[in-house]
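Input: structures, listed below.
After this come two complexes, each holding chain A, first together with chain B and then together with chain C.
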Partner chain A sequence: MNSIRIKELRKNYDKFSVDIDDLTIPSGCIVGIIGINGSGKTSLLKILSGITKFDFGYVELFGTKLDGLQIRELQKIASVFEDINFPGNMTIRQVEKYCSMTFIEWDNDKFDLLLAEFRIERNIKIISLSKGMRSKLLLSIALSHNPNLLLLDETLSGLDPIAKDVVLKKLSAFIENENNTVIISSNNVNDFQNKVDYILLISQGKVRFFESCERLLENFMICDYDELISVCGYKNSLQGVRSNAFSKEALVDVNKLEGYKNLSMRPATIEEILIFMEEQ
Partner chain B sequence: MIQGILYKNFIVLRKYYIWLLVGLTIIYFVLSGNLVILTTPFVLLIFQGICMSSIFQVDDDSKFKELIYSSVGEQKYIRSLYIMAVFNMGISILAMLFIMLSYHVSHNIILLFLGFFTAICSLIWAFQIPLSYKGGTSTFRIIEFLFIIGIIVFLGGFASQYFGVVLDTIIKFEPVEWNRRLGINFAPISEFLLLIFSVFVLVISRFALIKVIEKGSENNVEKFN
Partner chain C sequence: MKLRIHNHSDIPIYQQLYEQIKNSILCGDLSERDQLPTMRYLAKELRISVVTTKRVYDELEKDGLIYSIQGKGSFVAARNKEIVREEYLRKVESSLIEALKYRILAGLSIEELKSMIDILEVTDE
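Coming up: the complex of A and B.
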């Protein structure tokens, strides 16, 4: 089953636009969105969460048009954005009361459990929360209203390694239900290594690729650029080139490369794939 | 769902309710008769303005309204703003009535004050509550403004000329006399109903406009498909 289907989506901003021709995201997986700052990661997530209205195109979530979602269906999408927050003078207890009044399927016990796990006290005010604590609170809220789609924007960025591990375990548990999907963006792409099922690379508002993480790490390799030229043809396989004072390296897709067994290569990390493609 | 938004707004505005209570108490006990009657409406108007702009500021600064849009949709957010504005106006009208009645101000003057107060509040809302800019066109804003000016003139004139008669009838005469004077008072009562209807139409038309705009954007998507 597909959780998201996008066709010819267009959203214009002042000096930038999100432009996605065709994208289908299956359910029951974690999708990591990567891209440099200002590439359109947050804009895409805000469109999917219904916060930003798009100018043109078609977006379908769980088989229903995004525009036509009723409130119960809208609340099946949970989003955590870096820049969105509760008013500073509200306490956690008041936030809980707000949520119980707002969300149809609010689960108080689940929220209490998550607060305890994240060590968040109920009497503190929002204004006194650190960035990491705020992310934990928003994630606790997101998970407590029983969503099917979780949209996380830079949620891992402010977290300490232990909290990050707890969050990633929570996400894995969340997608055990095959109707659930997680889409997460992060500037620190190493967070995604071996933890997400698919990688979506966005560059200047456009999708560069949407690929299974496993396939990506198997197929994308780094080799010496000069060696690549001398040993085999590279035209179709070359995905990016990066040079420094001492060497020039190439990112290649081994599926499109003939005779690559004679080349000395090493697997590329997701971060390297991003850097090579952006430099390209 | 909308209760949650109202609850959050109440938390944001709690301090202003306390300030209003303290302010009105000071005005009531410290100032003399005429000054109290003149000052109270201004204090209440300031209270209205501060309350609404405080909600907007909190929602914009923390982008809280985006959180609401993603959980209950934009319509519910705007509806909550309207309810909050009407609730605050209810508080203001009650406070004004209490002070003016305790100073034995004539009913005509009270009604005139309330009429203008309501009109000014409506005027502020027309620009403050984001229904107007959802409409997007300057023509819509001008029509809306003219409509409200019409209400001001209608309400002010109507209150001073007729409505006092109705109140006098109810307060001064026995129920038997009400029936006899019903014919005389029928015209102002019908005008009063017309006034309520006009305000109702204004509110409904603004909500309907949002629906039309949203429907339009849906149709564009359908056309594309």
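Coming up: the complex of A and C.
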């Protein structure tokens, strides 16, 4: 089953455009979006959440066109963005009241449990929350209205390692139901190593690749550049290069490489894939 | 069934998981028709991707160690009795090859080796 289908999507901004030809995201998985700042991670998430209207193209969520979704269906999408928040002098208690009135499928018991787990007091005001507490609160709200799709923009940044672990565990539990999907962006790419199912790399508004972590680990390798060019048929496989004063390394997709039996290689981490592919 | 995954091992995660589940089945930890945890539950508990656990279950099924019933789950296959016997036969064979190698170094004749087997059999009872 597919949670999201995108065809020929285009949204123009001042300095760049989100331009996605063809992307299909299955349900029941966690997708990590990576890319440098300004590459379009947040923009894509805002388009998928319905917050930003796109200029051209076709976006389908749960089998229905995005602009054809009814309120109840729209509330199946839960999003957490860095720059969207409740008014500063609202208390958490007031936020909770607001949510119970807004969301058709609001589950107060679940919200209670999450607040307790994240140790968030109800009497405090939004403005006095730290970045990490804010993320935990918004995530708690997101998980409490029975969504099928979680869109999380940089939700892990600002969390200490233990909190990150707790959040990732919650996301894993969320997709235990194969109808649920999580799409989460992060600048700290190593958060995703071994923890997400797919990686989507966005660069200048375009999708560079959308692959399972399994395949990335198996196929993306780092080797010595000079050794590589001595191998025939290497051109298709070269994904990026990085050099310093002492050596030049290449990132290769071994699936596209012929005759590499004697090439010494090691698997690339996701962070290295990003760096190599972005380095000019 | 006990499962431990090493994230930073040279051995790919799917391979570690495959071997450990296979061993559990073959050494009798899991019995015929025992239900395995769902691949999603496994992914969540082991903190690995569902793509990986799905791959492992697909391979286990392909190798005849488990079978799946749509809507119910995955179960240990009945055929494993033969597979277990095959494993044990392989172990007997490799032990014998070892014994044959060392009997030469020990200066033992084939007859002496055979009577050694009889003696050991008796003492074992």
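The working rule: the second predicted complex is superposed on the first by the 276 of 280 C-alpha atoms of A that agree within 3 Å, B and C clash if a C-alpha of one lies under 4 Å from a C-alpha of the other, contacts with A are read in each partner's own complex, and residues count from 1 in each chain.
Keep this in mind: contacts are C-beta pairs under 8 Å (C-beta built on N, C-alpha and C of every residue); 3 or more make two chains touch, one makes a residue touch a chain.
Bear in mind the structure is a predicted one, so any value in this text is a computation, not a measurement.
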{"item": "Which superposed partner A:S172 touches (first chain B, second chain C, both, neither)", "value": "second"}
{"item": "Larger contact residue set on chain A - chain B or chain C", "value": "B"}
{"item": "Contacts of A:N146 with chain B and chain C, given as first, second, both or neither", "value": "neither"}
{"item": "Partner chain(s) touched by A:N187 [first = chain B, second = chain C, both, neither]", "value": "neither"}
{"item": "First (chain B), second (chain C), both or neither touched by A:T269", "value": "neither"}
{"item": "Touched partner set for A:F86, first chain B, second chain C, both or neither", "value": "first"}
{"item": "Which superposed partner A:C29 touches (first chain B, second chain C, both, neither)", "value": "second"}
{"item": "Which superposed partner A:S157 touches (first chain B, second chain C, both, neither)", "value": "neither"}
{"item": "Partner chain(s) touched by A:S203 [first = chain B, second = chain C, both, neither]", "value": "neither"}
{"item": "Overlap of chain C and chain B interfaces on chain A (superposed complexes)", "value": "none"}
{"item": "Residue ranges of chain A in contact with chain C within the complex", "value": "28-30, 168-169, 172-173, 175-176, 178, 194-198, 212-214, 217-218"}
{"item": "Residues on chain C engaged by chain A in the complex (per definition of touch)", "value": "7, 12-14, 38, 40-41, 43-44, 47-52, 55"}
{"item": "Chain B - residues contacting chain A, complex", "value": "1, 3-5, 7-8, 11-12, 58-59, 62-64, 66-67, 69-73, 76, 214, 217-218, 220-221, 224-225"}
{"item": "Chain B partner contacts - residues on chain A that touch it in the complex", "value": "8, 46, 49-51, 53, 56-58, 65, 67-68, 71, 74-75, 77, 79, 81, 83-90, 94, 97-104"}
